[in-house]
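Two complexes are shown next, each including chain A; its partner changes from chain B in the first to chain C in the second.
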Partner chain A sequence: MLSRISLRRFSVLGAAKAAQKAEVDWIASKNQWSYFNDESYVKRSESLKLNKPEIRESLLSNSSESGPASIENYSQRLAYHSPVAIDETFKMAYEMLETDAGLIYKNIDRFRAKLKTATDEKEIEFLKKTIDKLLVSAEISNPEVLYNATFNPASTLDMSQPVYRQLAKEKWESYDLMITMQRLEQLHVIPDTLPTLEPKVDVKVKFPHNLEEEFSSWVTPGEILPAYAVAQPPTIQIQEFDTVESKQLYSVLIVNPDTPDLATNSFSTTLQYGLANVPLDNVDNVIDTKKLLENGDKFTFKDYVPLVPEKNAQNQRACLWVFKQNGELSIGDVARENFDIRAFVETHGLNAVGAHVWRQHFDRSVETVREQYGLGKGRVFRRVRGTKPIIE
Partner chain B sequence: MFNPFRPSTISGFPSGSVVLKTFVRGKRQSTQSASTKKVVNQLSALSASRKQPKLLNLCNEDLIKHRTIVNAWKMFKRREEQRRHNQLKKQYKSIYNAMEDLKQTSPKLFELANAKEEGKRFPLEMRVPTDFPPTQPWVYNYSPKKETK
Partner chain C sequence: MSLFRLGSGSYHPSGSILQITALKNVVQIRTATKKVSGSKTNKNDSAGRRLGPKVHEGNFVKPGQIIMRQRGSKIHPGENVKIGIDHTVYAVEPGYVHFYHDPFHPLRKYVGVSLKKNLPLPTPHFAPRVRRFGYELIEDPSEAVKEEQHMSRKEYLYQPKLDELSKAREENKSNLLSKFNEFISKELSLELGAKDLNLTLERYYNVHELVKLKGMSVESAETQTTYNYVHSLKLAKARGDLSSEEFEDSLAHYHDLVDQLSKKITVDATGALTKYLSAEEKASRKDEIIEKLETEYSNRVLSIQDKIFVGDLIATPGVFDVAEREDLAKKYLPLVVPLTVPGSVIENIDARKPPKGVIVQRIFDEATRSTRVVGRPKEVFATQ
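On to the complex of A and B.
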């Protein structure tokens, strides 16, 4: 009995010693990329691990006899040959980069300690920004992170990690942002609705009530959609790339600047949808049906009415604008017709951070959608011969 | 023997003189060998894109491995460059300090050291200035080149 107790005591002491030794070992070896959560000195998230274990195995250990795990076809896998000496070289490179990352983590640790004692608001902000930057540089050359960011869809990445946000931002800037800005300018959303846009967030729109794949996936900016495909309010994803600590409030407007105005022989702007005070952050970044069912009344200050272009009217643009709010807004009753978006933005001190656009024209489903929303029968426009001759 | 790098000359004529085309009776004989001709014919039947070197198709893991290796190489080069830059900075600083020192101790020598030498040209026989000293720093039994007549 006595021996058992003493043995136990010994083992407890041993564990404490082992933990201490592990920490010392960590500082000595600095191989941070191999540890996650509790084992790690700096608490690295589990999401920085490659999410497929067999691929992780074949990436980090030498290529096995059975070939790379990312090739699913058996015969293709057997036929594949890796470049000469890539494994040995990779091992050297990995060790080098990991040591560097360890040093950066040590720096991060120092900054975190400073942050704990800091009191000045400016200093705190600076320290937080520096820590974020260091966290990116510590992980950006980690092959596991690179693999996840390159080959896994963006929706599966853990956006609470600064490094994934940085990689997602690079991807967005290289294609989606350019497409969005091109369409906004070509379709004259800028400056017909707001004078300009400095894009900060990735705005994606989809209409999940559609059953066809064509209309249920994310809408490419500028696409022409039929009325039935936009009959229900859209799901809007607002991906922020900077760190959002607590929830940030956003507002969303959908306006149609192409409503025919017969009295002035011109067009007027109509407010189709208005959301305000929507709290979002880096991870929880979608305004979807679930959120609208739960808190829709709180967010919505103007119900969604889809664009229903009448017959022979030209293409109409549904311009979606996303704004960052400085604080909570109290928006009273806003008229749908003759909506002045510039005045609205000015009065509420909104800051445009993202935009999206799709187009619509008259089609067979317009009448049904009009009925659904109780908009009455649509007009039919036709050319009217003028009273004056064109040539004088 | 045919040498593609030698300027074409025909024996008996000095190089550079105009050679008139002379009439040859019978079938023209090509200078290429039969095997070369075969390869040329085969290549002419292929389109240009086929003749490009093959694109490397790496699997996902190897692509990431490759990128990691490139990252490490870039880091290595960056550090090397940084080290060199720091070294040069130090050297410049020490030159500057030495000159300042000279200015304080002996303004006359300082002026002499900084005097502009008008019309002085770079000595042609001098070794080209390099970052590092040569393997053989001094040639003891040096004699200037003799002029050949």
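On to the complex of A and C.
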């Protein structure tokens, strides 16, 4: 028999456990991942839902004779047989994960309440970061979210959701980032233009005016392109992975550090394109033709002039740098020739967050592009490199 | 060893004997001690290989000039310098020789060529490289033209292929333009001046080509085409071909033309020119077609004529976009009609002698968990 005291202690402990269990049960009864834009519990975006209704239904309901809807081919679908007891196992796992997500959302609620009353700037930043992290962990095991991130093109994902940004970031870091950094280092974009780069954003570039498929898709960093393929300003996508609340201002520079400088028998840097004060955020993340057509004059402080390498002047690099601005910039008249990118970055307090590079050399379309831009006829250099030293 | 040993009478240094006679005279006697063959040791010496530095700190070198002969890499090649098969270090750029240490390899000695006289090596890690251009300008105009026209062998061999491609593109373009012209003048009966007609045709040719490329929507293709024209006008203005007023006029005229055209013509998902449909019209046409497909052409085996008709319905110009067309085709024109569709399965057939137009299929029955043989009408398969 238990003594009175021990009985009471037991009942107190039991009450705490029971309360905790009741909370878990209550959360479990809420079907966390089934709420969308609903004020009653937590507000979740509709974009966290699997975007194809028939596949969503077949994913969340028991397996049927007609096979999973995610297999498109009819005969393959018929031939698919689910593993033994998949329905029970899936349901149990789903419920457990969903309950965990519910507890995390409960935490998020607490942090949000704290955020409302917080006044200290550091604390606010910390709370916001924590909430973002929790929002990722609440959804990172949601099968619907994972399906969307795995099987749908990245351009269709809702980048306002921290979880999609996290998944996109992981994908970027596993391939595109490595390619970009490799090309920037091997082609000496670093340190010929700026000392180094700590990449924060995914920068993609394409030239949408091209009618050939070969040149109309995203450019792989380091690719060699003909002059006609780059004859018009590029579309630049700047994907930010951290939360951008209101619009963040960006600057973009394209420089050519390989312009022949015959006076010194060396090279000088030319500014080919300059954009500043471009407002972007997580979702609206592209400087495309539409934006250039509407507000191009507002952003552009130096009009685009493509690289037009002269005969035998070897490969030239078009180095594209993306900077985050601390505030609005007023950039006066900048000379295109003998551009000092390091001084420019210093004076305007710019913070390099991403870069891209493509290369060009003389080809048969250079002359036409020169004519279009009124650059006059190009010089011709000897095919064999001479031995004259640099002129100091 | 002393040379003379007094009192002993004789002494033998190598090959000779010193004898002391009674008169105390020293007489040398030579005995036969000639070595017939040489010694086997210490014979492997060669002449000096003249190793060592050939130029010194601060000296000017030309490309290819040898800086150092060595056995092994006593000195490593640094900036603007290379190392040969026998570890000979030589310059690849003209400049001034510097021997230095590199903080990334503190135990090595390096030699490099600095392109400027008073520029120390190594170049700081984050500083831009100092580079020499080295290519000389061709001053003679005729020689310059000749050099500019010079092609590599690869480029030269590609010329016929490139000509063929551009010819094909031109032909395709002229065919399309004549088709578009016919559509605009006959079906829409638009009255356009020669210049406007040309602008319109060029515009829709560009939109058509962009839409045909994967992933470009009609709206963005139109925006891009407008941008192309505006950009070309801006360039003409910058070149001085157009004055500011002319530029403004042309721009306004083009925008007017685009506004006027956008209410009459559009390009559909496949890039074909069609009549413009407003959003409501489009939606109602979509509903109408889908209802017709749903009521008349779903859940039954379609004949070949039906299939053609359904295909035409889905491809009705200007109604569905590419993704919608694909979805509809998947739904109403499946590669194989599902077994659940009435009339798509013929039971109890003789598998050896199937009736005409029936294809024998062995299927797995989930309910009984066994296979059985059924016949399926030819029309069930899209490829038959």
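In the analysis below, the second predicted complex is superposed on the first by the 351 of 392 C-alpha atoms of A that agree within 3 Å, B and C clash if a C-alpha of one lies under 4 Å from a C-alpha of the other, contacts with A are read in each partner's own complex, and residues count from 1 in each chain.
Here is the rule we go by: a contact is a pair of C-beta atoms (placed from the backbone, for glycine too) under 8 Å apart; a residue touches a chain by one contact, two chains touch by 3 or more.
Please read these numbers as outputs of a predicted model, since none were measured by experiment.
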{"item": "Combined model on chain A: chain C and chain B, fit or clash", "value": "fit"}
{"item": "A:A85 touches, of chain B and chain C: first, second, both or neither?", "value": "neither"}
{"item": "Partner chain(s) touched by A:A343 [first = chain B, second = chain C, both, neither]", "value": "neither"}
{"item": "When both partners are placed on the shared chain, which of chain B and chain C touches more of chain A", "value": "C"}
{"item": "Which superposed partner A:K290 touches (first chain B, second chain C, both, neither)", "value": "second"}
{"item": "Touched partner set for A:Y373, first chain B, second chain C, both or neither", "value": "second"}
{"item": "First, second, both or neither for A:A263, with chain B first and chain C second", "value": "neither"}
{"item": "After superposition on chain A, the shortest CA separation from chain B to chain C (Å)", "value": "19"}
{"item": "Contact residues of chain A, present in both the chain B and the chain C interface", "value": "none"}
{"item": "Residues of chain A that touch chain B when the two form their complex", "value": "55, 58-59, 63, 68-71, 80, 82-83, 86-87, 89-90, 92-94, 96-97, 100, 141, 143, 146-147, 150-151"}
{"item": "Residues of chain C that touch chain A when the two form their complex", "value": "60, 62-63, 93-95, 115-117, 125-138, 144-145, 147-148, 150, 206, 209-210, 213-214, 216, 220, 223-224, 226-228, 230-232, 235, 238-240, 330, 334-336, 338-340, 364, 366"}
{"item": "Complex interface listing, chain A residues touching chain C", "value": "65-66, 72-75, 78-79, 188, 191-193, 195-196, 208-209, 211, 213, 216, 232-233, 257, 260-262, 265-267, 288-290, 292-293, 303, 311-314, 372-374, 379-383, 385-390, 392"}
{"item": "Chain A-facing residues of chain B, complex", "value": "56, 58-69, 71-73, 75-76"}
